[in-house]
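Two complexes follow with subunit A in common, the first pairing it with subunit B and the second with subunit C.
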Partner chain A sequence: MAETTLLEIQNLAKYFEVGRSLFKKKRHLYAVDGISVYVRTGETLALVGESGCGKSTTGRLILNLEQPTGGHIFYRGKDLADYTAKDWKRYRQGVQVVFQDSHSSLNPRKTIRHILTAAMFSSGTIPRKDSQAAEERARALMAEVGLKPAETFLAKYPNELSGGQRQRIGIARALSTNPDLIVADEPVSSLDVSVKAQVLNLLDTLQKEKGVAYLFISHELSIVRSIADRVAVMYLGKIVESGPVADVFDAKVHPYTEALISATPIPDPDTTRNKKRIVLPGGVPSPMDPPKGCPFHPRCFRAEAKCATEVPPTVEVAPGHHAACHFAEERFAAFSGSSESIRTVKSRLCSQ
Partner chain B sequence: MSSTPHTQTEMNPQARPEPILDIQNLITEIRVPGRSLRPVEIERLVVPRGQVVGIVGESGSGKSMTAYSILNLFPTAAARIHSGSILLDGVDMVTARENERVRIRGDKVGMVFQDYAMSFNPVISIGKQLMEQLLTHGRHENAKAKVLSVLNEVGLSAEVFSRYPHELSGGMLQRVGIASALVCDPPLIVADEPTTALDVTVQAQILELLKRIQQERNLSILLITHDLGIVAEICDLVYVMYVGQIVEHGTVHKIFKSPAHPYTQGLLQGASSVQSVGTHEIRVAIQGSIPGLTEIPSGCRFHDRCPYTMDICRTQEPGFYEVNGLQAACWLHDPEHSHG
Partner chain C sequence: MTELHRIAYYFRRKHFAMFGLILVLALVTVAILAPQIAPNDPHAVSRARFLSPGEDARYPLGTDNLGRCVLSGVIYGARVSLFVGLAAAATSTFIGILIGSLSGYFGGKTDAFLMRFTELFMTIPRFVLALIVVAFFGSGLDRLILVIGVLSWPGAARLVRSEFLSHRNLPYVDSGRVSGMSHLRLIFVEILPNIIPPVIVVATLDVATAILLEASLGFFGLGDPNLRSWGGMLSQAQSHIRSAWWMSVFPGSAIAVTVLGFNLVGDGLNEAANPRMQIEGGST
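Moving on, here comes the complex of A and B:
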């Protein structure tokens, strides 16, 4: 696969001003605090973390729904800050979104036909005059997302559909502009187990057919495991670990990644009851007052004195595998000494 | 719950004397203009003393309505128990008078809700809200001391007593929710999706807390969840619900090892296939989605989504058959029909 960088984020930051009034000093909520990641064409990058870690804000920044406080977003090599009106038009077609809540992201007063064609017209994918082409495209999209017969579904209103069907409409709408990147913000979180698998399968099939890349924002590690190529773990507005999904899930270089994985229950009584569980104390600190040093140190089971004062640098422990922890290299070495599965990483190291 | 997997595997819930909760032939109905819908039709559901029983199912399967039925306390006036019996420590919640039910809720059964933020009054301090329960149950003596000890038991400091709900994080509020269920020392707790709204690291804390309290108090817990991972982790017995009915039940190890009902098989396949690493292969185990109460299929309610549908499935409701120690309501296990 020819892997070119489609979207690159450098030192992206978003601080929200909160509590500003005449007598109060203004304060900041550090939603996204200097993150750098990239998405290659046709791959899935998963952004995982708990609520409040800034993963959705990152998605909104990419969609230009929020203005960044600092940093850069490059799409196909060009900085969004330098965009002309024409560039924006291309960007709107190229980068699309699927939201979590399919109920509130579809207009209840419009038919599915209107919802789909409106997206094609306003993005300029199909000229407004050509309603015949829009109709044909809408039908083709319905077939692609597995809603048959297309005619019946196009005439329906969102409230007549089930949650899974509505999410398929959300996906069809995102596809209507022929995007090469879809920001999927918790696309299956509100769906039932059986429907969840169907929608994930659809997303995966569409990627294989169309080569669309996903920025898959999720808090569910079990899903990320199966669908993502690479994963970035966020905590308090920062990326603490990122890399190929198998490497990150095996090596768990950052203690937070390890805790997150160990906290996820596995649907198998023998495995889940016998595995070592790390239960982190307390909750995620407020992003208005993030801890000094390593943001994770107050909850970390590995923390030492320097974690409270020094911000850990992001180091590359293996090709493409980064972690922001003072003990990243040490932990990675301990892992590679102990585990079999690291052979893959090692062989890649040798080949480079 | 037991730390070793083998101690409770061979236990048959029906064989144990006087379970803490015994539901028989329960039908709950919702009256809507022109007709009555039946979100719950349970033949038998038993929670033995000192065990954790899970009800698992998708949304719309009637698991929350089952919880409301046990308390005989519904979120809408249109819902009521149509018939059946719910024996809570020997007392029937269906025939009991309302003042008796008020006593039973709290004394015999505590409830933990999913939406902890909505289950507290925002303008009354946590301590007062917990005290109120003791006072309505006539326990005026040392009420404050009791509340403080329960708060301590769920891992909260004494200062939480004078705090208000908005001052607490989600995880802390759910701890208060558990404290509120425990404050009158009931032998049974009904927990309806207690960790669904929480983050995964906080969920781990709450599950550990439930496990610890269950062991310390020898509590019985009826845990309602859609998450098979949670069931695998803390339940002893499992009931699988589909469109208001129990389709399969048995011990957690047997259900996960060799599920007998095609719906349970599909749920487990779906859950385990999303676990595999980087395969990009997601097995879609069950097609379609759960039907609404107005469109319940005839015969076996699962027949239009089932991969093994036979003719009889479309017309007749299956009874329970014993399969490898599990009880499954499926025609596949009827000797006369199990040729395929």
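Moving on, here comes the complex of A and C:
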């Protein structure tokens, strides 16, 4: 697989205006506050964080469903801000989406056939007059996402399908334009555990077959660990740590990453009993009034005086592994020193 | 089961709504078959003036001050009322869909502008303006329909707008945007079919209002002078109300029954379309 950068985000920001009225001063909600991240062809980048950290907004910005307040998005090396109509057409085909709610992401009044072909036509993948080609493609897609017989499913309405089947249709629609990047916003979060596994396997198979890259937005760390190549952890609109998924999950350089991972249940009583669970004090600060210095400092167990005043720089602790913490180097060194014991934990984790 | 099937299912269980539907269907039948079932030419003047109902078998509901058959007038009047009512409601619904969908879909400044415009229309006393327009431009059936239609769209526009507001950011619309679907396609091909049920409810209620408005205009002598309409008949009955009660009671009842019928159907549809008003549990 070619290790070329497909999509790159630089200092991307999105501030929403809130509470604007005649007598109130207008305020901003800092949903995404200067993030930089990239996705390479054929890989899966997971964006993790708790609710409201800005991961979905990041996805919407990439899909051009929201206009960024600042920063740049480059797709195949060209800034979206400089796009011509022709570039946009290519972007519409190249970048697709799968949403969390499989129910509302399919038009309830349209057949599956319409839903799939409309996406092909509107994106220009297939010219509108060539309905024969669209029909053939729709059937091929049904086979690819494992819905058989294609003919029966194409004639159905979304409410006649189960959640898992609907999500497969959502994936088929995303694939219908032949994309090289799919933004998957919590694609399996609303599914049952068994169905979840099937859909994840499908996503994995499709990636291997088609070389499509995923921006996988999720809060389920166990899934991220199994599906992602690289991970970026977001907190209050900022990326606090990013890197290859194994490195980030093992080293946990940023205290927030450590807390997040410690909160993930592991289906093994022994591990769970011995696990040190980090409980963060307080709640997430309002994104309308983010803390000064490091955004995580009011809840951080490692915080010192300078965390409240100085914004921590993003440092590269290992090749491709970045963290925004004043103590990143120190914490990484401590991890490397104790990596023997970590490795045993890791092997245990992997055997789950 | 699609939503329309579901609505039909619940509608059938509502006795009042079904009663209204029977009334409406009966009226439509009467209007269509008017030439076959009317005993007389509704416009034919005769020397048999002020016959009371039952006095002469040829005039079951009596005759008016010009000796015209009241029953035939009521039967032919159904044509005028239903035609004006349906056509005016269609006009107002069409305008309402157009303005409401643009307003709700685009939001922001477009929405603010279109909604202020709609509110302006709502503040105008409809009946007075209709009177003025008809008095000014004459009172053909086409002008009646246009005036009533153009004055009745704000309700539909506001409903359509609120429906579009709730759909515009649903993932299925977003995914259309991601595929590069045009605004027009999203509005009319993707979203609009989803909001048809509530629009039908409002359109049905609009028919009743339009029929009332047409009758009121007719009562003031502003109906189409070449047609016998219920409002016109009431207008002529006015001066004979003490001596010839049948001249006013029958067209008046016809108006009441028609409006009742459409209102019952509209309310029934509304209840059937609104899942929260269902008592019986059931899946969608």
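Simple rule for what comes next: the second predicted complex is superposed on the first by the 339 of 352 C-alpha atoms of A that agree within 3 Å, B and C clash if a C-alpha of one lies under 4 Å from a C-alpha of the other, contacts with A are read in each partner's own complex, and residues count from 1 in each chain.
Here, contacts are C-beta pairs under 8 Å (C-beta built on N, C-alpha and C of every residue); 3 or more make two chains touch, one makes a residue touch a chain.
Just so it is clear, the model here is predicted, and its values are computed rather than measured.
Following the overlay on subunit A, a side-by-side fit with no clash is recorded for the pair subunit B and subunit C.
In the superposition on chain A, A:S222 makes contact with subunit B only, not with subunit C. In the superposed model, A:K292 makes contact with neither subunit B nor subunit C. Residue by residue along subunit A, subunit B and subunit C are tallied for touches, and B comes out ahead. In the superposition on chain A, A:V245 makes contact with subunit B only, while subunit C stays out of contact range.
Of the two partner chains placed around the shared chain by superposition, subunit B is the only one that A:S194 touches, whereas subunit C remains out of contact. Of the two partner chains, subunit C is the only one touched by A:R92; subunit B is not. Within the superposed three-chain model, A:R27 lies out of touch with both subunit B and subunit C [touch as defined at top]. Minimum Cα-Cα distance between subunit B and subunit C in the superposed model: 6 Å. Across the superposed pair, subunit B and subunit C touch subunit A at no common residue. Put simply, subunit B touches subunit A in their complex at residues 3, 5, 58-59, 169-172, 199-205, 207-208, 226-233, 252-253, 256, 266-268, 270-287, 289-290. Remark: subunit A residues 50-51, 162-165, 192-198, 200-201, 204, 219, 221-223, 225-229, 244-246, 249, 259-260, 262-273, 277, 279-280, 283-284 touch subunit B in the complex. Taken in their complex, subunit A has these residues touching subunit C: 60, 63-65, 88-89, 92, 95-97, 99-101, 104-110, 118-119, 122-124, 157, 159, 170, 173, 177.
Within the complex, the subunit C residues that touch subunit A are 2-3, 170-172, 174-182, 185, 189-190, 193-194, 284.
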